[in-house]
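The structures come next, written out as structure tokens.
Two complexes come next, and they have one chain in common, chain A, joined by chain B in the first and chain C in the second.
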Partner chain A sequence: MRTSGLITLSSKETSMGKITKKMFVAGDTADATFLNDPYDSLAGDFVEGDNTSKKWANRDFINEAGGRLNNLYHDYNNGAVAFTTSSTTLTTISNGGDLREVNPNYTCQNDVVVRLCANGLTGIPRVEVKDFTGGNPQYNQYQIAFKITYNGASTKIISYGNYSWFAYAAACDFGAPAASPKSINYRNFGLSILEPFPAGTIINKVELQAKVGDAANELTILRNNLFVVIAEN
Partner chain B sequence: MGTYTKPYTYVNGTIIDATGHNNNEQSARVWCNDEIVPTDIKDNSLDRTDLGAYRYYAPNEEFDGFSKTIGGTINTTTFINRAYFTTTAKTNRMGVKNVRNWQAIPNASYEVSVDRSNAYFFITGYLKAHTNANLTGIIGGNGQHILSNEIKLQIEDLDAGIQGVSDQTGDFVFGANGTYDPTQSDYDAGAGGTAASDRSITFSYYGLINGKGRKRFSIVVDPKQEIGYITAKTFVVEVFYI
Partner chain C sequence: MKKFTEQINEQFGQVKPESLNDNTNVWLNNWNGHLDSQNLPVNSIDNTKLIEPTSSKTTITSTFLDWKGQTQNYAQVRFYSGDEGGINDWLSSYQIFLKTDNWTTGWNRLSETIGDFYLITEAQEGMISGQFNINWWLGLNTFKDTGAASAAWGDDWWIRWGLFLNDNLIADTGNLYPREENTCVPFKVPVGTQKIRLDLRWKTITNNPDPTIMFDPTIDVSGYIQILGANIWANNTFK
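So, the complex of A and B:
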């Protein structure tokens, strides 16, 4: 025989909510507090951690036609038409007019983390100035970076990757060019970074850019790709 | 769903109103069976383990989480010591121009099983590649020219028996010394000395791979150099289902 008492239904395996409910038996007084309890607790509860069993949610619960947790963007060119630049300001990589960019135009629903990754292969460069002094990057380097355009006109340049033209560290002064080694050809470059943005931000565009330290040098880029994940928190 | 408001309040000493009581029962029933909206869910109520059946393999420091999960990751951060590749051709072209002889690097591959047809793969890796000096000829000077060992990511559909290499991932390591044949238009390492024979390589691959089942991703090399080896520092395969 059941005895009367106040039962809290809180087992996460058997119930979603923590609803208080007095189990009445014959002879009990229907006290107003006990009568009100189920409805009052119903009004105050959330779905929270101890309401959910492990693995209770999986992909079957998600409407994949709706908003996504991970938004993926990718851009690739095989480098059959090489990109060359002697610009000392960052220029968007373009293979035969095909710009290395993605255009999410995505409005962040929550605080997001934008993950950027780029990878590529250089060709044979032209290296005339080998002196390291000055320049940004230094004269004997080239640079790859991401440019993010957000909220229409705001921009952010991040994840600078500097590479030397030849097989010595950046801070080397070889003096006369004739004494310098030859360039490193067919070299691999790679960038990766996380950048947070607040809810409501519109992420318009991400570009992969490059520049050289001295306009007498020329960078050649062959195959390259750009990959962006906008991850909702 | 949102906020629940109790329609009727019970008071001691007052006869329960039948309509009010029915309204309470009915409103509770509707509220509990209605849709859950974000305001009904407390912050941080879902743990990662709620979403993915991730498994951890301690010996290899690997994770996976594929079946029914939102996404999956498989990776290694333990480097693989000196997986060797070799060729016995000892020539600059492996005998015939444009012939490829892709060799998989031992231990530098992953097999992934996907349970949905449209899965996006993102694969990144960081390798250290080295080639020894070729013994068939030594000409130093300006560049080491044509002894290029091309390294790529190989993608296999094990169920369909389809195999290919990704153009998104082509990289090179060059022989330290080699025979220069100016009649061949091949890759020129450029730098003098031995620098071109030791290279750090990063690659990234992105693609939509259709079809459920097993896929295998491997680092492969087309060697034109006599002996070399690759050390895989990191190799990460990520699967996005959405």
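So, the complex of A and C:
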């Protein structure tokens, strides 16, 4: 409990709360200092826990319009047009030219956390190169990743998830199995991660990308979702 | 709306003592413990009035993020093998050799492999939600028995990943059979105002054959778990 520093004279003063005042009785001098002190004190004081009633506040007092606490962006592909790639460098997933990306172009007011989540479904891949020597593990892999563009031209790959075409281990070093292995089809994939950015950063774009370990192999993606949350406070 | 007395007193002005008390009693009573929603309209606290969040990021082996806002906190521990987007991202940095390493048939802590891979943070009473991601590879092997032909071995192996909050299992993958995969599992649990520790654990089965029964005894079946990347992130929302 804080007090305003008001001089206490005779009589009684309020016993609870932050602001004290003199309780005047007949015969007291009505000095302007004492008359005005409670108001002056109030003007320069701060509201604290002692001043408020119990259980009065709820989330409605926080205004999330404008400078929001959380900013959500979403993109999805409903599977009407599949995406295929044989690129060994990360390529943005697109469906008939429709890129799987979100474009916040958001200027961060505070030091923010960008939360990235994606999931999707692969189709039946075409796998020409089947390496089980263990020397080239990338032949048996494909990858999903996030690419973020910020401050206009800066880019960063944030997080990745690797998947194998087959159930075999990369270091399986006994030569190819007698029976031709079957690829794992219709797989769900997922990624999620947090990345901080300082105040003032412009978050331009987040893309969902994919690549394969060998150009002879081809990945098919049927559906996918991309969520981006920029948390301000 | 509440009504407050706003009487300005002047030096040498003539007033009754009771008026002086009445003038101040009303608002003092409010100020001293009864301020409420009538004193602060809804939607009056916007982003510009909240204290700015704090953020810290440190890297030892894993990278830790600790971000604290006014309505929510975020925390994360992450580890990835190579430069993200680079050539090394096809390779694993950690392997658990099931034939030779020490492990149990119960839950094994990933932090025993990646030394600092666990998330400790100060939670506030409310909910904690998040996800763990583990990019693992437990593959089938092949072996040759009495000739050149090889056969698959280990198609009944499985691995299972679980996330523990203060040693309580809160999210679980179930059995996952041989493959490489980035497995994402969400979680959401209520928490008190307390320090919490989230750590990822695994259990598996394997049955590597005795290499002496194979055609070429110099080649061993080395079933192992590869770890290419992992992260645990948590979002603590509170009152």
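Following the convention adopted for this analysis, the second predicted complex is superposed on the first by the 152 of 233 C-alpha atoms of A that agree within 3 Å, B and C clash if a C-alpha of one lies under 4 Å from a C-alpha of the other, contacts with A are read in each partner's own complex, and residues count from 1 in each chain.
One rule holds in what follows: a residue touches a chain if its C-beta (ideal position, glycine included) is under 8 Å from a C-beta of that chain, and two chains touch if they have at least 3 such contacts.
These figures come from a predicted structure and were not determined experimentally.
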Task = Mind working out whether A:L42 is in touch with chain B, chain C, both or neither, as first, second, both or neither?
result = both
Task = Once the structures are superposed on A, label A:G161 by its partner contacts, choosing first (chain B), second (chain C), both or neither.
result = second
Inquiry  = Once chain A of both complexes is superposed, is A:L72 in touch with chain B (first), chain C (second), both, or neither?
reply    = first
Request  = Once the structures are superposed on A, label A:G213 by its partner contacts, choosing first (chain B), second (chain C), both or neither.
outcome  = second
Inquiry  = Which partner chains sit in contact with A:A32 here, chain B, chain C, both or neither? Use first/second/both/neither.
reply    = both
Ask   = For chain A, which side has the bigger count of touched residues, chain B or chain C?
value = C
Task = Check whether A:D60 is in contact with chain B, with chain C, with both or with neither, and answer first, second, both or neither.
result = both
Request  = Could you say whether A:I193 touches chain B, chain C, both of them, or neither, answering first, second, both or neither?
outcome  = second
Query = Touching A:I144, do we find chain B (first), chain C (second), both, or neither?
reply = second
Note = So the chain A residues that chain B and chain C both touch are 30-32, 35-36, 38-39, 42, 47, 51-53, 56-57, 60, 62, 64, 68-69, 117, 119, 166-167, 184, 187, 189-190, 192
Inquiry  = Show me the residue ranges of chain A that touch chain B in the complex, using the header's touch definition.
reply    = 30-32, 35-36, 38-40, 42-43, 46-49, 51-60, 62, 64, 68-70, 72, 74, 76, 78, 117-119, 121, 124, 166-167, 181-190, 192, 223, 225, 227, 229
Ask   = Mind pulling up the chain A residues that touch chain C in the complex?
value = 14, 16-19, 21, 23-26, 28, 30-32, 35-36, 38-39, 42, 47, 50-53, 56-57, 60-69, 90, 109-113, 115, 117, 119, 132, 137-138, 140-141, 143-145, 147, 156-164, 166-179, 184, 187, 189-194, 196, 198-199, 213, 231-233
Touch list for chain C against partner chain A, complex = 8-11, 13, 15, 17, 20-21, 24, 27-28, 31-37, 40-48, 50, 52-55, 57, 65, 67, 69-72, 74, 76, 78, 80, 84-85, 89-91, 131, 133, 135, 137-144, 149-152, 155, 177-184, 219, 222-224, 226, 228-229, 231, 233, 235
Task = Give every residue of chain B touching chain A within the complex, in rising order.
result = 3-6, 9-12, 14, 16, 24, 28, 31-32, 36, 40-42, 44-47, 49-51, 53, 68-71, 116, 120, 122, 124, 126, 142-143, 148, 167-172, 174, 187-193, 195-196, 199-206, 240-242
